[in-house]
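Everything on this sheet refers to the single structure shown next.
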Amino acid sequence: MWRNVAVIGVGQTKHGRRRDVNTAEMISEAAWRAIEDAEIAPEDIDAIVIGNMQGFGGICQAELWAGDWIGAPGKSVLRVATGGTTGGSVAQAAMYSVISGLYDVVLAIGFEKHSDSKEPGATTGLAHVGLANLFYMFNYGAPMRALFALSGGVGAAAGVSSYQAMFYMHRSGCRIEHYDMVAAKSRRNAAKNEYAHLQWPNCTPDDIAKTPMVAYPLRFGHICPASDGASAIIVASEEIARRVDRPAWVKGLAACADEENQMGENAQGVGILDTSEQLQCRIAAMKAYEMAKIRNPREEIDVAEIYQPFPHQELMYAEKLMLFDDGKAWIALEEGETEIDGRIPIDPSGGVLSTNAIGSSAMQRVAECALQIMGKAGKHQVPKDVKNAVAHGWGGSTNFTVVTVLGDAPRR
Amino acid sequence: MGVRRVAIVGYAQTKHQWDMPKTREDMVFEVAKGAAEMAGVTREEIDTVINASSDYLDGRTISELFLTMPSGAYLKDYTKTEMDGAFAALYGVMKILAGTHDVALIVANTQGSTFNPHQVSYHMLDPTFDRQLKVLNDMAIAAIQARMYMDKYGVAEEEVAMVSVKNLWCAAKNPNAHRKMPGVTVEDVLGSKMLYEPIRELMMSPVSDGACAVVLASEEKARKLTDNPVWIEGVGSSQDFYVRDRNLQRLEALEKAARRAYRMAGIKDPFAEIDVAEVTERYAHEELMIYEALGFCEEGKARRLVDNYVTWLGGQMPVNPSGGALGADPITATGLIRIVEAAKQIRGEAGAYQVPEVRRALAHGQAGICAQSNIVFILGGEE
Amino acid sequence: MSKERKETLAVEDTWPIGAYMYKGPKLYNEIVEGFKRKKIIASLCTGCGRVFFPPRNICGRCWRKIDARREVSDVGTITSFTISPEIKRGQVKVLGLDPVEAGIVKDGERLIMVYVNFDGTDTNYATVLLNAKPEEVHVGMRVKAVWKEKPEGLLSDMEGVEPIRKESTQ
Amino acid sequence: MSEEEIVRAKSPIPFSAGFRWSVGEVMEHFIKSLGERKILGGKCPRCGYTYVPPRNRCGKCYSEIKPENLTELSGKGVLVGYTIAHVELDGVGNIKDLEEPLVIGAVKLDGADSTIFVPIGEVKPEEVKSGMRVEVAWREETEGEIGDIKYFKPAG
């Protein structure tokens, strides 16, 4: 049955272009920082949960090789991978590992090393999401034009996301200028986060607006980088967490999957007409809040870390996480409510828009929430008492969502 | 195991075969639906769906993405363990033990016909050194392991071949098995194509397409669903060092995994207390090493268990009455199939390869080169 | 971070992703048969009544196979769109091809890519908008399929969609 | 049913995804030293376990291993296990027969604790024995690449 668990340590590598280390070294950098942060001995760790997207770094089950760097031998090692949600899914698997009573201390690591791929950005991995579908359509004489439109004309993930950004604009009435504002805020916040990739102090929406349009309505400045990096957390049982000053307690966790958002297996049709609807995110949020006994997220959530490789997603998911009315997040953005010192800071770390090492990204959301609760976020610490924080991640073709609620006190 | 107990209440598997004329999606739909039907649960009653597959084996980034709908995960908690399905089952057990979920559907699938899994094993190697040498893969390293193990304990090739004969005889009785060779002899095995000495074709698992699904339920739920639950009495898992720095002549990670599972299940003398074992032996010699790691015999004495027919169907401790991985090996499904086969033995559903009076069974899954990562389940019937 | 990050040596290898063999159902056979007659054949889930185009063979909501077929209109509505910048020669490569060199797009062309919800379906179909300027496209725009003059039973028989102009309706 | 129920989809053109893994500091020393015909091991400053190739973290006692902990090995060692390969994987998943059998060995270098898996040359397959002494055979021009190790051969 449920037992309380907490995040007692956090470790992140500097994210960015990490040609100074290999994958194993990069993973261990985050893992050992987390172990030191938690003030535990490596022997105390009972199990490890780890994940990334294998196709991006070109290593199959990298933990078989890299496990030796993080004390994996002799321990239970579980690989969890779910696309963009990977880090969040890994964190939740570590949480369930401890809640279940099977283990007392679990190390969870998410990582990605995009620069190891020869193709630019994350194209190798992303193209392979739908590659089988493309080949399938080739069999039937697919028009090259349409295929080009689907696959590369606008860049794989940006393609799906630009349609979604359009859906969201249509649904909410927000404008591209709001996307510029989100992106500028992200770069500014990232400048305060020593682990972030794209740091741009004093970045303004005008700066972003000057960047070229990549796939209308998304500009170059709206698109996340492909980073190298790893992040890790230590999850421990209540008994062990009590030894720590201010652990980040796990109060609620949920995941939910909806129908695919663009096409199904073998390019089949999917019954989602509006990809900004995001029903699964709403369901996951409701479940996680219910578990955390949060009745009014708008009042009770002090900070949110949202997985937003594209700016509309910060607004869209903030609404689905019930922090604003549907279609109204851009008004809160205009009013500065989501700034670090705002009423409800969103992505004070800069979020995924400024740092995206895919397997690490959703883990960083959990890690950053834990840091905010522990009061260890440094320059991007939000200037208020953080009682509850919500960490979000999306994966698949934006049809997977993980939501984790952390708090300053255990679940009652 | 704690306050809650977890039971297996339903399962299904495909007829594993080379190049199945079915899409991945249809294969998964069939087993997921089949397992739920056997358990008597509707889609609404399933709380979590855990997929086990690999992006490298499937050639798709986020390999589980397009399986969301076929596996019944629509608006459900859905995740993937990118390793053997037995590890996915462990995750399912954890979610149920946590009290947050009551019914978990575990679905594992691989189509080896998509891309040769042995070629995938090459991509598991350290890219900064071992891969650069170009000549290594799981077969080559397993062959070196076989040679080292056989040399150390004086095991003859005939004895390794006996393991293949034992398992393939059983596979012939199993309608779901892939490699069916009734009446295969030691001579046949030793006459099969030499790959990497001493490993021949029939000493290595076949490349199969297949899927398997299992429904797990909390005790409370299981009691409502079935009169014949199979209880998960113990589980343990462990990873070994990377192949360069481990002792290749032993499966130390499996020893640790088994010890944990035994402790949880309260097993002190595994040989006496376990009635049947289903293990993932990708190579014939591996099964011998598995006996030792599981504590069925002393170190180096495993060959005697085969020589003396102890682990044959009808012996004192039948191992792989279903034919094991040598009978069918749809990679990520293989360990989960072992769990299903062990459960079938307990429920008396194994038909032609049923072991009499099984109370307690062991199932083993593995991942990586030379069984680097291992998981052991102890299953039991009603007292 | 004070520590200097020195770029280290790199070693190389490949992942032969092009060598994988994938299996699909024959669902698209029905599409191209329909296309040959300039018709859109969709699949209908008799459990929830949803109509899929392209067809789908398993309904995840009802968790059942979809067998029924239904012919739907080739007129629909744009639900979302995205517009590429001018695609120039030597600028991008897709699967190793330069789309301009390969004759897929004209040098300097801006592609308008749209999701179309054909009347009578519950799905989006991703295709290209033809005979329209980027500034005219909008969500809610009514469009009609543009068929090749002599369809050959290929997906390319539907070249895209084009706006339904006032004068061309009724 | 003679007609298949499925469609097979493959890439119309052969292609692969390329990778270029950065190797990290200690591995860079190792690879560069191959150009000088030296094999470096990484000796854990705490437990003394010596890794070949070297790495920056001891898997046994978790200590850091730094470039100053690299030690030169003789390049000679013992063949602790081997296989004679009659087939090979062609890189895209086909198992192909080899014209000449290839010996692949597990070698424990003197002074090292790791076992490396390397091709063994200049020996007839039937003469290979576990326990035999082997040494590295360099390719003619060494350039500071893994490929500088041509194979291992019986120690002269």
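Going by the order they are written in, the chains are A, B, C and D; count residues from 1 in each one.
One rule holds for everything that comes next: a contact is a pair of C-beta atoms (placed from the backbone, for glycine too) under 8 Å apart; a residue touches a chain by one contact, two chains touch by 3 or more.
In this text, all values refer to a predicted model and were calculated from it rather than measured experimentally.
Engineer: Which of the two pairs, A-D or B-D, is linked by more C-beta contacts?
Structural biologist: Taking the two pairs in turn, the one with more contacts turns out to be B-D.
Engineer: What is the chain whose Cα centre is as far as it gets from that of subunit B?
Structural biologist: The chain lying farthest from subunit B is C.
Engineer: Approximately how many whole Å separate the CA-defined centres of subunit A and subunit D?
Structural biologist: So the centre of subunit A lies 37 Å away from the centre of subunit D.
Engineer: Provide the C-alpha centroid distance between subunit A and subunit C, rounded to the nearest whole angstrom.
Structural biologist: That pair's centroid distance is 28 Å.
Engineer: When the centre of a chain is set as the mean of its C-alpha atoms, what distance in Å lies between subunit A and subunit B?
Structural biologist: 33
Engineer: At least two partner chains per residue is the criterion; list those residues in subunit D.
Structural biologist: In subunit D, residues 5-11, 17-25, 27, 59, 91-93, 146 touch at least two other chains, as defined above.
Engineer: So which bits of subunit B are touching at least two other chains?
Structural biologist: In subunit B, the residues touching two or more other chains are 21-25, 59, 68-70, 73-74, 115, 119, 123, 127-128, 132, 241-242, 245.
Engineer: Show the residues in subunit A shared as contacts by 2 or more other chains, in ascending order.
Structural biologist: 18-23, 55, 58-59, 68, 73, 118, 124, 128, 131-132, 135-136, 139, 259, 264-266
Engineer: Tell me the shape of the graph of touching chains, choosing from line, ring, star, complete and other.
Structural biologist: Graph shape here is complete: every pair of chains touches.
Engineer: Within their complex, state which residues of subunit C touch subunit B.
Structural biologist: 11, 13, 15-17, 19-25, 57-61, 63, 65
Engineer: Using the touch definition from the top, list the residues of subunit D that touch subunit C in their complex.
Structural biologist: Checking each residue of subunit D against subunit C gives 5-11, 13-25, 27-28, 31-32, 91-93, 146.
Engineer: Quick one: in the complex, what on subunit A touches subunit D?
Structural biologist: So the residues of subunit A in touch with subunit D come to 18-25, 28, 32, 42, 55, 57-59, 68-69, 71, 73, 113, 115-119, 124, 128, 131-132, 135-136, 138-139, 266.
Engineer: Report the residues of subunit A in contact with subunit C in the complex, numbered from low to high.
Structural biologist: 14, 18-22, 55, 58, 118, 124, 128, 131-132, 135-137, 139-146, 148-154, 159, 162-164, 166-167, 170, 194, 212-218, 259, 262-275
Engineer: Can you check the complex and tell me which residues of subunit A touch subunit B?
Structural biologist: Residue list for subunit A touching subunit B: 1-2, 22-23, 51, 53-56, 58-61, 63-65, 67-68, 72-83, 89, 92-93, 96-97, 99-102, 125-126, 128-129, 131-132, 253-260, 264-266, 279-280, 283, 291, 395-397, 399-400.
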